[in-house]
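Presented sequentially are two complexes of chain A, the first with chain B as partner and the second with chain C.
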Partner chain A sequence: MSAGGNSNLILAPVAPPSSQGETGFLASAFTPRALGIALGLFASVALVSEAWAQLVAGGERLGILATLWKWAPLVLIGPPREFGGFALNILVSFLAMAIGTVSGLVLGLGLISKFAPVRSVSWAITQFFRNSPWLVLLFFVMLLTPFQFRIGGLTIPFPAWFKATVGLALPVMANVAEIVRGAVNSIPTGQWESAESLAFSRLQTLWRIILPQCVKRMIPPWMNWYAILTMSTPLISIVGVNDAMTLTQDALASEQRTDLLMPMYGMLLLFFFVYCYPIARWTIRLERKFAVRI
Partner chain B sequence: MEGLWDFLRSLHDAYGINLVHFYDTFERTRLLRGMWTTIQLAATCVVLSVLIGIIGAWLQGSRFKILKGFVQGYIQFFRNTPPLVQMYFFYFALGPQMPRIENEYGIAQPMLGSFAWAVISLSFFAGAFNIEIFRSGVEAVQKATVEAADSLGFNRWQIYRLVVLPLAVRVCLPALNNNLVNLIKTTTQAYAIAVPETLYIASQIWSDRINVFEMMVTLLTFYLLLVGIFVWLMTRLERSLRVPGFGQ
Partner chain C sequence: MTTAWTPDQPIVGIKDVHKSFGPIEVLKGVSLNVRKGEVVCIIGPSGSGKSTLLRCINALVPINQGSIKVEGQEVHDPALDKLELRKKVGMVFQSYNLFPHKTALENVMMAPIHVLKRPKEEVEAQARGLIKKVRLEGKEDAYPGELSGGQQQRVAIARSLAMNPDIMLFDEVTAALDPETVKEVLVTIRELAEEGMTCMLVTHEMGFAREVGDHIYFTDRGIIVEHGPPATFFTNASDPRTRAFLSQIL
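After this line comes the complex of A and B, so read on.
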């Protein structure tokens, strides 16, 4: 394996350290036009509502933009001395992705196991979690796990936001397992056979030869699932976690102004868009870069 | 049927397995009504989102840059924002702006109810993905085929409807299948705007009767069955539409 890699390095006289495509994804992912369109749309909604509010109510109340500015910190990072808001959405997405990836890797290896019972159990688990609605799984975990564990004299709290994270990690796990299975199956059989002829055990083959080659192929779909997961995190507001969605509704409830509805929800949509759009663009680029050419 | 209900009732007395939503007529009726609402919601959204996909993919092939940009903006916006927030935006922010109409009792009520808003927001959400899917199918159709149709005097819409689309549908059916399954699962989000669909009714029943676990199992089984039936139908459609000479 390493010999092939070295010879490539030696043969290629000037290996370009980074192709033109690697100049940093921010530069290209935030295509100024797309972001401009998003911001423009948002600004026009805000301005129209602003004008409307001025027309209806006169200058007594705070303007729309000023009100948005007032609430933006709450929606972004939650109330003071408490963790919540959009930052919590991101934290939950990171944690759920981490849990989902690790368990998905194990489940995915179960899917390609040589031992039939392991294979069929993994298959059943995967199908179950892939085909159940996210919200139902979330309710399942929220309502059917205890809020704390007691081991001996030690009490381990199991807060709502962490339960929600586990609930979101379950469908991610099943989908990562499918990604792993697909990637392993896309490696040519010759790799397995040559490893066998070099007296690698199955575990060694998998760990040192097959999986390293899979990583590249798994990254684009894996990132795609990260984006899907992030866009599912507002679901945790339904089960009572202080995320950006809950806080937006709280802010709206305290303002009691109908002219704020569109701008406030619009702001929340914009937060998610600004976070998810670059990831989507980056995924498309990686997909092109890692595409298997036949 | 009575025998079965009696058996389920005895399960409760003997083992504490509370399947009240089956043997109690009231609970059973409202659960069935909820399931019917889910099926209606899913079916309407599937049809509408496929229509959005077909029309959007056609508009993307248009010569007008502005129209193309508009469709692209719609796709990017709906693909990269959370469906739940979209639904709230439609129901809570756009809903109150709509004119109100009087119902038969003379009481003013919003023009569109929560069911209609759920249909609209879910269809737009899935439609954005469907446009991309159909576009990938349209791109897979060989240029020579389109040129041949053009030379036979078909106009642009005719070429799309009669030549390109039938071929494109066959190419993109697996991807479409995936997205529609996802759409069916996403209908549970209508819970958040109080559409009386299965999850909503189920949560009412488990609050009233304290049978969370049994209700959850019923709920998951229902959705697995629903998705299973849909996938089975789509596989049959796929097989019947297969073009000879492609695939294995």
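After this line comes the complex of A and C, so read on.
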């Protein structure tokens, strides 16, 4: 870096430290410069590989970029007339987040229950799923649940991709529960006292007074967990689902070219980066906005 | 209601109340009676149990021993419906505790609509009237964060009044306010007192206590040291602790 660059760095106003450490840390890793570096690295790997491939192979085989272009649709949306690829990763992330959020909300309310047994059970569930490796949880759900359910004469299929979704939703649930508990505890006790003295029941107080005030505080860490979840969806390739990771490996297997390894995985990384980076930026913006208001 | 209560009996009857927080006994046998329409002021040094006493009356804090009756009903009877009790007893706090995500008008309307299940139109008309009564016309749609401390406290008073309580408890409601805004809140409370609302105030405003109070109680270290009507209390205090306290304050 030049001297000018250095002095700029020193004189530049220091960004206020983020109140939510984890989110702040993740977010600060994604600066516009990081975006530039990522794109630049990917482009240079692709170009060098391209030149090298042309040198070694001559005109016989397709160039690297042309090959990537050929496989990109498969990796993005899966094989024709089949749902899969990166789109499946996104679908799984949506569903796992939805399931994890709803169940996490219930579990989080269990964590603050006045009834001790409910509190203990919720605490145990939360700790178990927060501190288990996601991949091991995935295997557990895959092996423990049948591929279909029979209710009366009705057979409900339980496909592998949906099992995988449930497997990913479990750690999300536990972390959302912790977010809910933390947010509820961050509301001043005066709010509870005044609601109580106005004869609101505990449930009414939570629903009408406490939780609405929690939403703003919960959104940034919640979005952070969504980004982490999305980046974890390639785990489902292990359990035999046609996600972007599986299809990238299939494409590489059918090409049988070592010079494609870096560019193909690079392309996959780029898909995730392009999707997750804006979420990270948006999270920082919301965090700053809410930090001022509260 | 288990006991038939008539307005000639004390509306709040406190008998030998003890309350401990862990090893610290904050109330060591407090007794006092409040008649309907009476304005009672409780004064005394910090940590003497004044606020705790108020919180026991609407069952925000459970007591260890003794009896508190509101309109003849025992407050610390485990079978008591606390929500029914709190509909009769309004409370205003030092830190206002308005709901920050609701406007002033919504703050006033929430409890009557959701707790008393009264029709919205009727509640809105009453709430607008109450906001006018506490001199905050035009601030109906302001959020608490946009109001001054004194304005927020007056919304909090209106919010309590919207439940049509029989008794109002004021817990050091001016202690967090700027000197200029203390007056506007006191004016509101004085009007309430003049209308015949039964009020119990924990306060450090001696001049105000003397002016609006029908009866003054002085507490120190968990007991009532001395009490009497303001005229005799402020001029002829007999207990040395009361005199020491008054000489510091006045």
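Following the convention adopted for this analysis, the second predicted complex is superposed on the first by the 254 of 294 C-alpha atoms of A that agree within 3 Å, B and C clash if a C-alpha of one lies under 4 Å from a C-alpha of the other, contacts with A are read in each partner's own complex, and residues count from 1 in each chain.
Methods note: a residue touches a chain if its C-beta (ideal position, glycine included) is under 8 Å from a C-beta of that chain, and two chains touch if they have at least 3 such contacts.
Source: prediction; values computed, not measured.
In this overlay on chain A, chain B fits alongside chain C without clashing. Shared-chain residue A:Val239: touches no atom of chain B or chain C.
Touch criterion not met for A:Val121: it reaches neither chain B nor chain C. Residue contacts after overlaying the shared chain place A:Gln204 against chain C, while chain B stays out of touching range.
Of the two partner chains, chain B is the only one that A:Asn131 touches; chain C does not reach it. Applying the stated contact rule after C-alpha superposition, one finds that A:Met231 touches chain B and leaves chain C untouched.
Look at A:Val106: by the touch rule set out above, it reaches neither chain B nor chain C.
By the touch criterion stated above, A:Phe140 is placed in contact with chain B alone, chain C being left untouched.
When the two complexes are overlaid, the chain among chain B and chain C that reaches more residues of chain A is B. Once the two complexes are laid over each other on the shared chain, residue contacts for A:Ala38 go to chain B alone; chain C is not touched. By the document's definition of touching, neither partner reaches A:Ile219: not chain B, not chain C. The superposed three-chain arrangement places the nearest Cα atoms of chain B and chain C 20 Å from each other. Within chain A, no residue touches chain B in one complex and chain C in the other.
Of all residues in chain B, only 69, 73, 76-77, 79-86, 88-89, 92-94, 96-97, 181, 185-189, 191-192, 199, 203, 206, 212-213, 216, 219-220, 223-224, 227-228 touch chain A in the complex they form. Of all residues in chain A, only 188, 190-191, 193-201, 204, 208-209, 212-213, 293 touch chain C in the complex they form. Residues 34, 37-38, 41, 128, 131-136, 139-140, 143-144, 227, 230-235, 237-238, 245, 249, 258, 261-262, 264-266, 268-269, 272-273, 276-277, 280 of chain A are the ones that touch chain B when the two sit in their complex. Across the complex, chain A is touched by residues 58, 60, 83-84, 86-87, 89-91, 93, 95, 97-101, 110-111, 114-115, 145, 156, 159-160, 163 of chain C.
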